[in-house]
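Both complexes shown next keep subunit A, but they swap its partner, so subunit B is in the first and subunit C is in the second.
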Partner chain A sequence: MAHHMKSKWPIFLRPVMVRSLYVLMILVWAFPVLWVILTSLKNRTEIFTLPPTIIFRPTIEHYIEALLAHDILKGIFNSLIVACGATLITLLIAVPAGYAFSRVRFPFRTRLSFFALLAQMAPPIGLIIPCFLFLSRFRMLDTYVGLIAVHMTLTVPFSIWLMITYFQDLPPSLEEAAIMDGVSLFNMFLKVALPNAWGGVGVTAIFAFIESWNEFLYAVVLTGSRTKTAPVAIFGFLAAEESRWGPFTATGVLIMAPVIMIALVAQGQIVKGMTMGATKG
Partner chain B sequence: MGKLSRREFMSVSAKAGGLVLAGSMSPGFLKFARAEKKNEAYLKAKINWRQVEGEQIKVLVTPAHYFNKFRAVSPQFTDLTGIKVEFEIIPPREMREKAVLDLGAKTGNYVSHTGDPMFLSLYEANKWVEPLDEYINDPKLTDKVWFDLEDIIPLWRAADSVKGRLYGMPVEGEATIHIYRKDIYEKLGIKPPQTLEEFKESAKKAHKLDGKIAGAALRGFRGAGQNVYIWPSLFLAFGGKWFDDKGSPQVNSEAGVKSLEFYCDLLQNYGPPGVENMNWPEIMEGFAGGNIVQYIDANSTASIIENTNKSKVVGKIGYQRWPKGPSGRRVTSIWNWTMSINAALSRKKKVATWLYIQWLASRPTQFSSAVFKENQDAVVRTGVNRISIWSDPEYRKVIHYTPDYADVVLTSMRQDTDADWRPRVPQWPKIGEAMAVAIQSALVKQATPKKALDEANENIAKFMVR
Partner chain C sequence: MFKGADGGKRLRPAYIRKQERFGFAMITPSMIFLFIMAAFPLIMLIVMSGFRIDLTYPAGNRWVGLGNYVEMMRDPRFRHAIQITAIYTFSTVLLQIVTGLAMAMAFLKSFRGQGILRVSVLLPMILAPVVVGLAFRTMIMTPEYGILDYLFIIVGLGSKPWLVAPNWALFSVIIIHTWQWTPFAFLVFLASLHALPPDPLEAAQLDARNAWQRFRHVILPMIRPAVVIVIIFRTMIALRAFAAIFSATGGGPGTATEILNLYTYRESFNSLNLGYGAALGTSLLVITVVISVIFFRMRQSRM
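The block that comes next holds the complex of A and B.
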């Protein structure tokens, strides 16, 4: 590929080409986000002006309205509880499981690690009916525990796999030294492997959090007025008589904000997490 | 018969406003006295409203200003009956999925939901909901004179009946009407069109008047509740029937093809750009922004296009019934939000649900919720379910967009359609989807109207066999 480019473009033009490609790609990804942010700051008439305006006098009225709609703050609070709960329990399961799958020999190891992905192989819409019936039977519809449990069917499998790659990446020499000293398996995990894999745990936590935070399909069916999460609550602004894009997009920004902040803070780690499998080939 | 007196109106609407404050703070006896007075309109009914006191019911509701108003006045129901009502608000599509899941699994989580009459055949076929006549005819549960079922718009009741029995109670609804720019008509010397042909002519004349404005718009977006909400009116006005006497589908009949050709011709030549992606909100906003000369859609859109904060065309709007089709008929939509009783409930919960439905559909509640203002900018309900309220001068005063608006809507609701405007069969969801695809593929010229409808007809025939 690189050779091909070299022959076609003069050397001094290449950085320019590459940069403009970067900018273009970022624009493609950022456009919807920017659009939502811009819309959330426009007044009602401006939102519907065609062609759309880029320069306008910003207003925060939609944010005030969004925060005053009691569903939204409560929704964000519910989302926090569910996403934090799901993330925490996911880590408690996935981190030791990841270590076990990568380092410990036990019967059916490969097959089990494969089956961990089973729940992800069916589209969620297919699993929603059994989930609904199950939660209904155990009176767990519209409870935090119910939704956290269901979200874990999404977060646990890929978290296990993420942790497997992290632990496999650790140099075996670390543990070999510990074995010489007669350290038990559990202590090896806790005192040798884990301290060297905190970065991986962090990335896994972020992915699990985002997955649960943004999840809509299960949340809309399995929650109710008590535990409705933010992605569900936001639809209150798309009413039958009128779609209120102002408060809708303002809430959208409020929902995106924590995710974007986490992403910015942990940028380097996330990129490492995403390319991990790739470098291993 | 049936009119609310001025005093009744004043007291009901005032109470709706003061309700929240009135409750908790007053001492016991005062509270009781107030409750008595507040419930006056309801205590005229000769039933025991408190017969299942202490019950709790949960209702699935979709976001809409009219349901917000219902929710806002519902504490009065709790006050009257001792039954607690909880609402769960989720988007319409998800609400329907959730309702069907709950009904189908007989889990009985939701006693009722704001339903689509088109689904009642499916519910009835599976015995998921209760026939309401049993509740209406039980003197312990319903005071028939007080409730006055006959006052509820007859066509809506017909649309909510399956095999002659009422399965859902209409609590809110709408008709499609012709909404146009009076000023542009006057400027061009156009008379309000009386036939669909004249309607198209007027669109042609006014199209791109200023180089931009679109001559006319109808829903183009694909969906059983979108383009299949408008086309059936054209289909029937052209003389079409969904099924022949033997039950074979007839959507590709001459009337079907002609009506779809009319729809495509109108929108392709005089519609706004991107009309195939437009549902009613986009059309309404386009009209409010002065980019569309006229449209035929729900009368409820008036509350937005007549709001000076939201519309540039206030005071320039005319309303009339659908223009007549070649068959001589005017055919409006027949839409109402209907509430049923989940059949998987305990007897007590069923009774509680019926009391709530009866209360909600009753004249005093329909009135108080119609004029309830949840905030300063709040609009009035333009979909009340009772003829007596539509004819009531007090109500007419608050929906006085033009002198004839209320008459246009009421006449459309009473005369301009029939219950089988769309086929009320359990297979409707699939039929609706097949028609949506056919109509849109003709609109975007993927297929000729004839070809699109032939295919749809074939598919519908298959659905009906199964």
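The block that comes next holds the complex of A and C.
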């Protein structure tokens, strides 16, 4: 449809304006990220050189310092365990729920799916106060299980809703054919619906992983020296000394790297998953 | 699967019961989880708000009824936090909608190279808010050495107290949030614009006198559902904002950027005053519920 739209501007002028906006947007949104990456590769004096240098001899000293001296490696390891654990268990319980809510009839179906939506709206700061008290009572502060469980309060609700949408998109003819063959209800889910919804499961997994990987509030309250995640660790060492931009940016790049790689590989699916809920209304 | 009315009648009741059992079995794990980890804690939050729970002086912990709320009503810092939350939420959502929509309108006409644009705008949304907040605090907004401040200096606007002067700090955290999340509005609007039927647009081409009228009377009514949804999504997210502000300003200078989330956090986990923190958290819960109900009504009546 787009080609029907013509502008009042002379034809030779419009592309120029659009093209400058295009460049400007890329600069505004991608530049800060590129700047973090560039800074992480500069040596300490070069970081504070004015005017800022674009061409310089790259160094990995900050990465070595971050990984060795600041125990960032452990933070990244903890983040991996928590994010993978939370993603896996989320899928295990949210995918069947999404299937049931979209394809199976049972009493209170709408009300229960609405409950999942409400859980998503709970303010995190309100949730963490009682959770902190319980976890400390049960001696589960600073444990992987505790943080994974609390992260899942974020990931489970939206995963159920994403999976509902993906299962709804499957053609009913798939299951109609299976009914004729006398397939059991569970096998209908496992062997008919699920293999056709792997794309949706993948996108849901990506969102759950990113959510848990980036999460800060719950992690800063619930973790200590043993299970401190990378976002908490990066906050900690910059708080100690404000001018350590080198190790900070190196750690920032290490935290950003997995999600940027995921984004490069699956950008189409991520954008679709993000805008899907909104455009379907 | 068995949604057809006649299909339902043909199946035997035993089969329906089997299906119901299957449905419940499939949702039970996640529902139990959400009950234990979300519903129950929220109930406990409200219960806790009736107690004095001070971890620094546990001997004084007791039931105070509405005492925390009475204190809250007299607390100028609470009123201030509400005010900051309102300003922060309203301006970030407004800025995201206006800039997102304006940019999406500019890219109505698709062209080569849109993939790079899409990846660029996707980046901020998937970054950890704590990294975003810290990066703005250091490399972007530090006086002189921060790249934004440096740009301001070389174009002649001069160095600005981005995060150190109270009003500037509030402005800056609003800008940081808007930077990170405008791409969401942009992508949603772009998707809705590209899904519009071409006919009304062609008709509008002939009728409307200028681009603004075309936008106001033809395009905007058609994408209104998307605008409403983005407002709802972004308001709910703005009300949950924490990590980016916490890492950029820590709520400061003083309490200049202390939204209700941050005040609740400081009260609960810095002062370890969990009872009063729970009362603040409950007020946030009430605000969230009231706003969602209003949005829900709005959506139902308008669409």
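As a working rule, the second predicted complex is superposed on the first by the 240 of 281 C-alpha atoms of A that agree within 3 Å, B and C clash if a C-alpha of one lies under 4 Å from a C-alpha of the other, contacts with A are read in each partner's own complex, and residues count from 1 in each chain.
Everything below uses one rule, namely that a residue touches a chain if its C-beta (ideal position, glycine included) is under 8 Å from a C-beta of that chain, and two chains touch if they have at least 3 such contacts.
Since this is a predicted model, take the numbers as computed values, not measurements.
Novice: One more residue to check, A:G224. First (subunit B), second (subunit C), both or neither?
Specialist: Once the two structures are laid over each other on A, A:G224 reaches subunit B alone.
Novice: Mind working out whether A:V201 is in touch with subunit B, subunit C, both or neither, as first, second, both or neither?
Specialist: Neither: A:V201 stays clear of subunit B and subunit C.
Novice: In the superposed arrangement, which partner chain does A:L162 touch: subunit B (first), subunit C (second), both, or neither?
Specialist: A:L162 sits against neither subunit B nor subunit C.
Novice: Could you say whether A:V150 touches subunit B, subunit C, both of them, or neither, answering first, second, both or neither?
Specialist: second
Novice: Quick one: classify A:R44 as touching subunit B (first), subunit C (second), both or neither.
Specialist: A:R44 contacts subunit B only, not subunit C.
Novice: In the overlay, answer first, second, both or neither for which of subunit B and subunit C A:I72 touches.
Specialist: neither
Novice: For A:L141 in the superposed arrangement: first (subunit B), second (subunit C), both or neither?
Specialist: first
Novice: So which one touches more of the residues on subunit A, subunit B or subunit C?
Specialist: Touching more of subunit A: C.
Novice: After superposition on the shared chain, which partner residues are touched by A:F237: those of subunit B (first), subunit C (second), both, or neither?
Specialist: first
Novice: What is the shared patch of subunit A, the residues that subunit B and subunit C both contact?
Specialist: 48, 50, 129, 132-133, 221, 235, 238, 242
Novice: Applying the document's contact rule, which stretches of subunit C touch subunit A when the two form their complex?
Specialist: 1-3, 8, 16, 18-20, 22-24, 26-27, 29-31, 33-34, 37-39, 41-42, 44-45, 48, 53, 103, 106-111, 113, 115-131, 134-136, 138-140, 144-145, 147, 150, 154, 179, 183-184, 187-188, 191-192, 194-198, 201-202, 205, 210-211, 225-226, 229-230, 233, 236, 239-240, 242-243, 246-247, 261, 264-265, 268-269, 274, 277-278, 281-282, 284-285, 288-289, 292, 303
Novice: What residues on subunit A touch subunit C, complex-wise?
Specialist: Result: residues 1-8, 15, 17-18, 21-22, 25-26, 28-30, 32-33, 35-36, 39, 48, 50-52, 92-94, 96-97, 99-101, 103-107, 109, 112, 115-116, 119, 121-127, 129-134, 149-150, 152-153, 156-157, 160, 172, 175-176, 179, 185-186, 188-189, 210, 213-214, 216-217, 221, 231, 234-235, 238, 242, 245, 248-249, 252, 255-256, 259-260, 262-264, 267, 270-271, 274-275, 277-279, 281 of subunit A touch subunit C.
Novice: Quick check: in the complex, which residue numbers of subunit B touch subunit A?
Specialist: Within the complex, subunit B touches subunit A at residues 58, 62-67, 86-92, 94, 97-98, 101, 105, 107, 109, 281, 284-285, 288-289, 291, 300-301, 303-304, 309-310, 379.
Novice: Under the stated contact criterion, what part of subunit A meets subunit B in this complex?
Specialist: 44, 48-50, 71, 128-129, 132-133, 136, 141, 220-221, 224-225, 228, 232, 235-243
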